[in-house]
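Below are two complexes that have subunit A in common, paired first with subunit B and then with subunit C.
Let's look at the complex of A and B:
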């Protein structure tokens, strides 16, 4: 960790490029030849794109360049600190029966994972292993959905990514038991991590994926994660991410999903803690009759900064998308919501709905909300809206007039507000676990 | 001892003085009706008694069972047995009607030193008391007042009152917007709760409600003060002759 004031001698971009040149061909060897080639393309793209400044509309309220000025070491192939099985206990979801995958600093750790028996043909493993053992599958999809030529953080991730999650569900296979991914960060060093996930669900396959992010260290960690999803025709993915890291941990969660005809994708992003958290969720329903659901619940405290950027790009007719992001901002936390829905000229009969509602609990907390619709088709149903406010006085008074204390009244109302999103969680154990945790948080 | 003693009460909201020296005593077992034209201060009286913070009491006092009511927080008043049936009950999406009410009932019981009701006893009690006001059992499964019709909201207020068993029930224009069937149901619910140690203050603009809830005393509130009090027949005079007549003849005895 940097303790004494230092003269900044290089920009974050320069440091990342230098780290790439140092490790390239050694610890950053490609696990297959295609990936090796893509790394080089990605770092070139990174150099050209550069980090966004605040004049960049998509980063107007999130000063990411400043956040990355901190001299994070780019972790590439470093040995991992030991994490014991008992360290996992706090991050398990009581009652959740799951195929468990554990990633430590973005690396798949077989000894901690407990995948169990999977339906025939289903693959659940680390991304590094998969890119060797299932190179054909990985090469078919890797970088297809997260475009490193236009997205600088996808470029950075692609240049450095070594490991992460790989899931493959073959045609017609339904994975009933959820796959749970526990992402842990550890170690004494301030590091930048670039975990990479690839999830492929082929035609009529079905998958439930529950991810959690947690820290075991006080060191400053910056995670630049990219997850690519391919959802085949008539396939279904239910994805849940619980962001629950320490106060020194920052994260970009870059989710890019490609949907084929008649597919269903639902993602719920629950942000409970961390320092700077940026969620970039991009959906391309690229065929007819796709259904896309985006739910989000963000709870700010301390000086947290939570930025949710979503894009649903309706390119084809007869698709449905629904988006609901709700937030409660306490202390001096900041929230950002920017939801964009494109309805391209061919996308007739699109139904697209978007809503952002935030409760701001203090004078210091701030919310910046920008719902956006861009519609180029003429026969569509779309709506968007945003509200930011405080708890309703009249509602608090009504509950108090029945004998509930002011604290209880506020807790009940906040929980009711949050439950709109929690009720969308279809895995009972996860929903009950989060409900209890959030109730306890509001009670304080 | 009186349940409620209001002495020379003055209250304002922002810079508008609304109550201008209101005095009223309510004894156990009594049903008081407060009538008055729009803007006379009826709902302000209900609001001040329930503890709405927008209103500031500038003069006078309110004793509830001999204790200073104005010194108590709104929720403490409720646990002490003051119940306000809202003119406009609030919709609370996501707040389960039954969970909320169970918590309210048990907060009051705990305050009285009674053991909390278990789930089964609570459900049994809720079923009985919902039946008193013909409340559709499915409404109890919903969020508080969410999607209830106007009549259902008012019946839900009376249902909550029946569950909380207050010593003092204040009904703020509970009759407004009700059709005659709903009015009867609400009135039956209130009448069912009348007892020797409980009192009610029924605030209404119209005499009609008082055909069903027969008051012991009727007060006429004009411009922040009670200008006339009498028996139930006063309501009929008001209905016939109007509030303007009362203002001019406040000092004359009432004859029917």
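Let's look at the complex of A and C:
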């Protein structure tokens, strides 16, 4: 009997489903029965939805199917590689005092984390631990905001999700010190990771969350992250994400937030490096008087592909949302912005602003911008704007006439452009750190 | 002002009936319902077309057959599937005379025009406007032809152009909108009945505004117009297209194709008023308007400008576009789209920048009332070759009710660093403070809303040719009036 040569013709979908069948019930097991039960529903949903192609409007400019054709192994089970404490040094923000959480390949690592003392009732831990120890809390919120029946990547994540970040802030508790989450990827293998985060802030609670993503490896890593946020009545969340991974690291960052009455949510997404980066930010201000802020700064270099996709789904009256995404595209990088403001029929008195500004530096770089408004209520004020261009010649000339070199003038103008977003960062140490890094990058 | 009054007024606006619903009874020769190669041959034979024309139609028809599973569904509109076998593809007035003067024209037809307030007689008196009236697909009366002929301008029906100027038709037809372009363009290429053809020779500035009036008339006849405008080097033409259609119960399909070619330093200004029957209050019976309009600035310094006022049709699906191929060429799009009742409009433009130093401007104003949905969908594409391209887009929406929707879907694709692209959009309702201000000066709420809406659209109405602007303003007022005179 001869063995036929193995021809690798399987599609990414088939590979993920096969991986699920392999790990399900063994390595993927946790002790939370609800999560176990949802995995099967999620993989079924994944099979039905399938990966989006170029014909899918939401993925028109990002060929995700092609990116996933690379044979990533789906990582399940315990972490394999040990990371030493000194490896963390480059990713710490100087001067930032924080409750530190470290996730390696999406797994919570207690030995590297330094959570310190938290206000009473606040929980900061790994998602796997929380789903055992705080099953009630997790079960109340898990999959409620990231709907795996409609979102294929939420489905993929839900099927494989094992660990990630869990934060709980009880009623009336203000967490003054920011929580810093350092996401590291490591190992020699090309893997697909599915980290899962859940952040719950109860009524009148307040939280500052600083996330960073970094790689310690040259291997190709694809991270399909899902973060669910519940922001209770009158609660406040300030969220910052710095995406700063290696040139072989791709990522889908799926943030789904649910806001209750009078709540405030602000998120800043700073994309500095990586290969393919897709940020999917969905907000549902589901009660009156919510405030939602979305800021983004994306700096493309090399052959980076950065796709920012946002949806603010105004379901109830009297809410405010503001969105500003700015980008600088260098080398042969590609930028995509697709922002949507959706105002449902009852959401009267909505105020929504959306703005996307991009500077394209080279002939190889390109930008696709699609700011959308879909409005079904009449008493609203909604506007959006988008501009794409290069640095103003007049502005450069002005600075040169004051004795600045061309280089200096360009750096200064680019930095000023980026600072519109950086200034929105309310944690001084983080803002100064990023400002210095970005200034150094523009100077090169 | 009392909120109730405003609501009641807007309600009436949204509910008001179509004012131009009537049917002209003149005999028409209509093809039996259904579409097959035989239908295409029948149309071609009826029009006594040469072999190459029939071949082209058949190619388009065969291509259309391959598109059946690619029925366009992406637009933000909802409608039942169209049974393409339940439509008659050809209808011509049976008395097909070639009149020398208007006196010989079927008096009933003249009456129709008069009731529309655009009588040919009056038009002729006004002078400066030549009218090529297309009633149900065949040119019935063509005026001012000789005067245009003196300048070497060809302005005739598409059918005549096929007979008399085959070299021009063969060269340019399908060069901007190929028969493979999209579902409805393919259908049109296969079964188009007639339309207008216009050629402006080198260096000629067309002495008058060219105008056609399209009317859908016989029951159950889809109208498939085809317009081809060629502006040779350094020429100028302003072309007007306006239409109103009689009341109908079944949906009428309209799938026109308009192609414009502007050579070096030529300028074409194309203005449209579209006021077809929008259906009754429940949205039943209106015209489906699926139009492909595109122009190409083929040479340097060419300019194409689209202006449209869209108030009719139950569904409008229309994106007048410009391909800016020549260096320093200019594309413009000015639009007012007004929807009420159950009307749905998904309209906008595409500006494709290929040449260096090309400029485009998009100004779109959408007004929604009743249960209607009004979307702007536009693409600005700056290609790798388009150095120093410049675009400015502005899309504003005004909502006149809480059951309607206003949407903006702009696509900006930039592949050159020197591009300068700006887009802005706003959505709001008529401000209570604005109405209050008018009330305070003794202006009633109805008058105030008219005033504000007119002001909102002013930028667009201002670029319409004079006669059209008058008609447009009147039309907007009537649309807003409801039954409150």
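A few notes on this one:
Keep this in mind: the second predicted complex is superposed on the first by the 433 of 444 C-alpha atoms of A that agree within 3 Å, B and C clash if a C-alpha of one lies under 4 Å from a C-alpha of the other, contacts with A are read in each partner's own complex, and residues count from 1 in each chain.
Heads up, the rule we're going with is that contacts are C-beta pairs under 8 Å (C-beta built on N, C-alpha and C of every residue); 3 or more make two chains touch, one makes a residue touch a chain.
Nothing here was measured: the structure is a model prediction, and the numbers come from that model.
Overlaying the two complexes via subunit A leaves subunit B and subunit C side by side, clear of any clash. Shared-chain residue A:155: touches no atom of subunit B or subunit C. In the superposition on chain A, A:252 makes contact with neither subunit B nor subunit C.
With subunit A as vertex, the superposed Cα centres of subunit B and subunit C define an angle of 70 degrees, given in steps of 10. With both structures placed on the common chain, the touch criterion links A:130 to neither subunit B nor subunit C. In the superposition on chain A, A:408 makes contact with subunit B only, while subunit C stays out of contact range. Residue contacts after overlaying the shared chain place A:416 against subunit B, while subunit C stays out of touching range. Taking subunit A as the reference chain, the count of touched residues is higher for C when subunit B and subunit C are set side by side. By the touch criterion defined above, A:366 lies against subunit C but remains apart from subunit B after alignment on the C-alpha atoms of chain A.
Touch criterion not met for A:51: it reaches neither subunit B nor subunit C.
Legend: residue contacts after superposition of the two complexes on their common chain; A:385 is shown touching subunit C, with no touch to subunit B.
Aligning both complexes on chain A leaves subunit B and subunit C separated at their closest CA atoms by 13 Å.
On subunit A, the surface touched by subunit B in one complex and the surface touched by subunit C in the other have no residue in common.
For subunit B in complex with subunit A, the touching residues are 50-53, 73-75, 77-79, 83-84, 86, 89-90, 92-95, 100-101, 103-104, 107-108, 111, 143-144, 160, 164. Across the interface of their complex, subunit A is touched by residues 74, 76, 384, 397, 399-429 of subunit C.
Note for the complex: subunit A touches subunit C at residues 57, 345, 348, 358, 360-363, 365-390. Against subunit B, the residues of subunit A that register as touching in their complex are 392, 394-395, 397-406, 408-409, 412-413, 415-417, 419-420.
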